[in-house]
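Two complexes follow with chain A in common, the first pairing it with chain B and the second with chain C.
Moving on to the complex of A and B:
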């Protein structure tokens, strides 16, 4: 800072909060200079490739790798037999990275190669001979729970049928499972029988949610290297480096202290990097065996085949209300197609039950999920985490019940909507809650009520284009989620002799803009321009602990942590200035790179000069602080009750569609979103998150459909898996409800997942408004809609079932 | 085991030679032989646009073009836009309008936008949307990308 210090100079108050701050990493990205994992190469690096199963469900009778091993340029070939101490991975520890004795899905890993080039590695894979014995395929979760259904994880047997004595362990991978139920969730509050008895109207419907996948533009990959002392360095795209350090150590049977994870910029996350996948462990096995760095990158086809999906759900919802519009109860049974192995998808009920129990005031709620093994792809975590599925059912039922009792759907929603100060049956405490504001704002801005009636009246009129408008709302965690006993984040902050700040945070940047918003919060505290900060956030050897990027938590948790460190730095600076300039600390402040008198804005000293004075004196000191923020939330017990988040985010979205009744084509013309975000921090960033989420929701509703037939993925490419393209995007009108959360950083709450949650539900309501036809299954492709319009879709009913 | 072919072409204004495998595509040549990694692999099938470059002034998917076909042609990649003032405006507009999130589609998107604006200097939002329909983005929902491209053309490079 070259501004000369004048005693009379006044610095006017200014704030970074709510401004449009460009992403700090955008200039590099826009000039193609950013080095993603795909762009990093280490000297001596080998290339890893994986041989996947040619079958859906089969016994592996034999694997012959001799020809592959003999190919020039091949360094290592591994199968399960080469790693006798392999440990099972995954949320339920039911998954060996290299398959032992049996393959259970299309993507299953049989063998892997590390070679001088990708071409040689691929050529080597073709030389590996595998003999299989096919087994019956279970591709429908309803078949998986039938009595006598074939088991996906029976006790492990070898090729000759004898029991495999795997290294002792109690996991499903070692011992097998006597049924196909991977996980179950049962939750209740109140008494649904009583609730039903009090109801004037009871409706029950089955909803079916499909497979979609993340489609990150950057394919998955990693680089692993063991140094001469056996320490592991990984370049990884994980969203949870600190928890994964511990997990990787478990799988490699090594000390977690010897693992360092560097996270290069990531080509999209959306929840996909929340679990550890077989390719990562296999890459580590290869690097360990080759004693060379090994890089592994997916092809796009592999990205489709071997990435997790959003959790597909079969759901029967029974809801009731009184004639006056009071909700009485909800009963929910869901069947989750777990796929062959268990990842985070199985645990989406954590979020789903929150929506069922607490989005609206429901006195009685009963919720049951069984996630069952099949031979299909397995589901992971994906932006929204079960909430898109739950909201799809609930918000259609809200419209249907309003219709049944002859009440305006808006009035019905407002009557049952939560307010701040309420504690729900599940124990969630709503401190800041702008839900009703969200409903009213979205309705007013979109002219919902007028259009709703007009569209209904126009249904029977001539013309093939019908207009529809529909609403849906959502509740999601907005202040972290205490999934683990700690949901915290650490910060280290240091200031140099020039009053520049280095912010070292545990929170990872995954393209969402956390680096920029954290910088904003720190600079706001320290009265510095955003250009005065450098962020270090990608190396576990440097950064302090953070639970990971998930649950829309980073702005809230890492933000509070960064503010905590900045406040400590500010206190130290003001104390030094007060002493040196004979003033009271309380009368001083930091602004524009200066220490000023708080009342007048008059400059006391340039901050950089003060810091240099502090440094170059007899008792030399630097300004360096640390802070660890742990949110005041509750780790839920087995009854799933407790205030799991420090704050909750709300949103209402109105979707407008045009339905062509001749073709079944649905065009989304406009989305109006009202979001309770606590407070807008970076207007540019939050708009980007919401627009991106809305269009992701549009894809889920209209075009994206990962087609799995008998366990086979039929469309693992962008030609046949249809992402939304630029000409298809709707007009987007976004309103922010600033409820100023008392615990949030500058009043803000999390927003990352919220915008994609309501779109499919609101679109279903809009199609109903346009055509009178209700859609219970996603996605709303022209074929599905056309069939429904012509009465060719038999209404499906899944009889509620729960695991005994 | 592979057949090599020597080619000569202009890359970002500089004449150069390369010896490339006959089965290699231009994307792989740029990234692996020449070492310019701004051009991204997204699908390898011409469906996502992440690998968009300009060849003789026309944008195309470098994953679908054989490297040997670059012989005698003029190639421009995202790195080559560094000295182009029009592209500076585009890049700045992408930054200021929030058109960049994870950034993986961005180089391809900018190459396509640059081509689009040369071809349609007065493109409006609808024209821009059609112009980038072959470039997939999973983060932004496209709106801010369209805003940025329109603004770059208008010379309105300050954020609204």
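Moving on to the complex of A and C:
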């Protein structure tokens, strides 16, 4: 058969974008085959366990480990005294992994054991004798800032009892702190005094946000091994392997080049793996001392006790507007309970101030946070990063101000909502902005206005079930966040002689579906089916650099990086094809596994055949490309101003509730969400992510409450810490606003954190709509709501205070 | 740490009670309370762990004369699904329906729920309404000895019962309710599944022409044990259920209980809920 007789084959255009594509890891996870860190065991491995403080705040007078060391099967027992080169960890370097002389919270690490079995390690812990001298406990952040308050990190004393004023530059762990203020943030634009003078209505309220924690289904763990040459291999659950490699090196006084991190699939992250925790360093100390691999896994109780929490916040918000509905100013003071040590929770003001300054147009804004040391658990990063807290206050005030001036709350929101093209007082530039579409869509789909009025009218009628509807909206970074010197991600793309692609990306998969979405973007570019790709994303010895999984950045940043590498590969392939088949590169394209003529779809050559030709010739070549994407965002200045993200995500959510006035029980019946996601890439994935986020928001609003009393966690278990269960999950109606961001990969923006942010605020507005009672404190548990309904909740007022 | 030295899985009741003579035995049935509680350090596993699941005499749900006998090993699921229970003891089915989750109901046993003696135990309230008796077996000499007592006198405190260390709870006996018997159970918690009651209420009796007699009122999670509410029962006895009596009984019930504050609720809220839910349940009975 001659070429001319061969039937011309046409490949029709097709796209993977917007399709419902199952997550690539789903079959393994659903069939129980995924090998989590829990399933990995190395030969010769020992088991590490940690002895935690029996006290909340105390001096350690003595530790006797002799009996533990003598127990058969115990290889190593360590305390701070055994690690003279121990360095402080954490965001403020105020935290020794093994505590030196003093414990400051219930979870504090005193000693650790590596033994031949978990049982032996646990038995050894029981043989360690610690003598404490109790100190006064500070469990209320308001007490921490009172004059004369006991200090959590006092300056050290010399042998003669005088303060040793160590030089600045040494860490807080060494030099101490003369007050309990861990961090402070002060931001302003405009002039709030002027703004207040122009206001017709001014309201001020105090809001209180509680402790919750991530509750990852997979408990924390690590395996560490030093090889015979002293190189360190870690199996770690970190979300930020490259930054942590450098940090681990610092804490171990070793060369970062000799550290390799492998990330097994993790059972949930949600921000919890964004910092390095004592257990990880302790596991490394044990492995170094034992000269054997050491595996350390938390129990569920430990996971509660020793994991970070969401940042608890006491917040007083003062807001004003004119009669015509124009916002005039906002003034915000917050007291962050930092807990005993500083992790990312203290830095949530970075995000909170964005919401206060820029969710709506506010000409004058003044924001102050003091994060203060207490003897409570310490807060880390958690999906939403302060935005749930800020939105809770702001969106209640939006309803309250609308009511005060007698304006429809939707109209009031729309009047002040941002539009694309605006630059906010904080310097954020909204290139794509679907905010007003979000508000309108969520309102229309839920029939918000009609139900709102009906519910209000029905409030006084007989019957114990009251219906309510409430709205809240959010702004969050959707194009990365330039916190570090780089906010970039690298990609290596390799094609084999069967036209299969290996995508080697710095971006970690933590269950969010990144490997599927990145695969889609690459296959879209190269005209390949999703089955033609393998993703490698979990080994620092192989993958190129990435900042890490945080700030809803992976689809945007790693996506652009993957597209960049795919485009380079495509250009190379088309150049080869053009030469070989005597065509112009611009007239060719890739589709369905073939090189085609772009105009007609006519097949030129099967891609795998072209690649083999390229490979197996005299001047053999491979198609392997690399790309590094750095978003066009800028660092904020010391005044916290600047366009920190390459794109911003928006959402409005409407929550409907039934309140049982006999019991205070709030049942969430429906959530309607309208999300500006730029563009939907994997419809199945994004729906899952939004549904999951909504449930997380539901738990924050209604049921989850990590109870800390005098520094003691009262419910470190799933019996008393109430996650939302399946029958409680409401009906969900999710709408996507596709604003097609110009910088986003295929127009997409980040969405990971967005769906959990509005739920608590919208629920508060819904309860108000149902009952006439406004809730200023979370969570809305039956008793809290019942008390509020019966006037049994004195309204809290925290007088604005800022660190001098 | 556990002192566990022996594991024993007897296949007859005689073997089991013989083993119990030692006094240093932890009994394992469904394990749904024992496992988490021993891991959390609230229960210490004794020298011998005795698994009673292989003893046929301890299973089954049967009608014996005018009594329904439920073996100690009957699981919550078996009870819920059993035709005898569904026909004669619907209030027990109601309570089982609120018990933990499907998975736990498949393993948890009635005897375990009783001997765990939680003030919030879900099956205990309906069993109190139904005048259930518990049967205990032991071997003081060489011969098997059985005796029984009303469930209402069985509980002593949280986790404590009148079962001695050498006795085994073998079954529960429930007299068939007479004609006109009504009974209802309400569990108040924060979620529909996997929850420990904040409070629970059972109300039962014989309803004829709007008048309630032979009244039983029982409350869970408001005292160290599940309790009958004598004053509320007395106030209801022989009364026609109208709005005034319902309000009066609800108020008496609230004042009769003396709950505590714990992680689930304050005493104040529990008293309020006893009042509101008692009123709601009586109103439903009156309207039915």
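Quick note on the criterion: the second predicted complex is superposed on the first by the 783 of 804 C-alpha atoms of A that agree within 3 Å, B and C clash if a C-alpha of one lies under 4 Å from a C-alpha of the other, contacts with A are read in each partner's own complex, and residues count from 1 in each chain.
Just so we're on the same page, a residue touches a chain if its C-beta (ideal position, glycine included) is under 8 Å from a C-beta of that chain, and two chains touch if they have at least 3 such contacts.
Worth saying up front: this structure is predicted, and the values here are computed from it rather than measured.
Engineer: After the superposition on A, what does A:622 contact: first (chain B), second (chain C), both or neither?
Structural biologist: neither
Engineer: Just checking: does A:703 make contact with chain B only, chain C only, both, or neither of them? Give me first, second, both or neither.
Structural biologist: After superposition on chain A, A:703 lies in contact with chain C alone.
Engineer: I'd like to know which partner A:575 touches here: chain B for first, chain C for second, both or neither.
Structural biologist: neither
Engineer: Looking at the overlay, does A:663 come into contact with chain B only (first), chain C only (second), both, or neither?
Structural biologist: In the superposed model, A:663 contacts chain C only, not chain B.
Engineer: Could you tell me if A:786 is touching chain B, chain C, both of them or neither one (first, second, both, neither)?
Structural biologist: Only chain C is touched by A:786; chain B is not.
Engineer: Looking at the overlay, what does A:729 touch: chain B (first), chain C (second), both, or neither?
Structural biologist: Touch status of A:729: first partner only.
Engineer: Does the superposition put A:126 against chain B (first), chain C (second), both, or neither?
Structural biologist: second
Engineer: In the overlaid three-chain picture, which partner chain does A:178 touch, first (chain B) or second (chain C), both, or neither?
Structural biologist: neither
Engineer: Going by the contact rule stated at the top, is it chain B or chain C that touches a larger number of residues on chain A?
Structural biologist: Comparing chain B with chain C, the partner touching more chain A residues is B.
Engineer: Would you check which partner chain A:719 touches, where first means chain B only, second means chain C only, and both and neither mean what they say?
Structural biologist: It touches chain B and chain C both.
Engineer: List the residues of chain A that touch chain B in one complex and chain C in the other.
Structural biologist: Looking at chain A, the two contact sets intersect at 717, 719, 724-727.
Engineer: Please name which positions on chain A make contact with chain C in the complex.
Structural biologist: Contacts found on chain A: 122-123, 126, 301, 464, 662-663, 665, 703, 707, 714-715, 717, 719-720, 722, 724-728, 781-783, 786-787, 790, 792.
Engineer: Can you check the complex and tell me which residues of chain B touch chain A?
Structural biologist: Those residues of chain B that touch chain A are 2, 31, 37-45, 47-48, 50, 77-79, 81-82, 91, 94-107, 110, 126, 128-130, 132-146, 159.
Engineer: Please output the residues of chain A touching chain B within their complex, sorted ascending.
Structural biologist: 20, 22-23, 25-36, 38-39, 119, 214-219, 265-270, 299-300, 510-513, 684-685, 687-688, 691-696, 717-719, 723-727, 729, 732
Engineer: Name, in rising order, each residue of chain C that touches chain A in their complex.
Structural biologist: For chain C paired with chain A, touching residues are 1, 36, 40, 188, 190-196, 198, 263-266, 268-269, 272-273, 276-277, 280.
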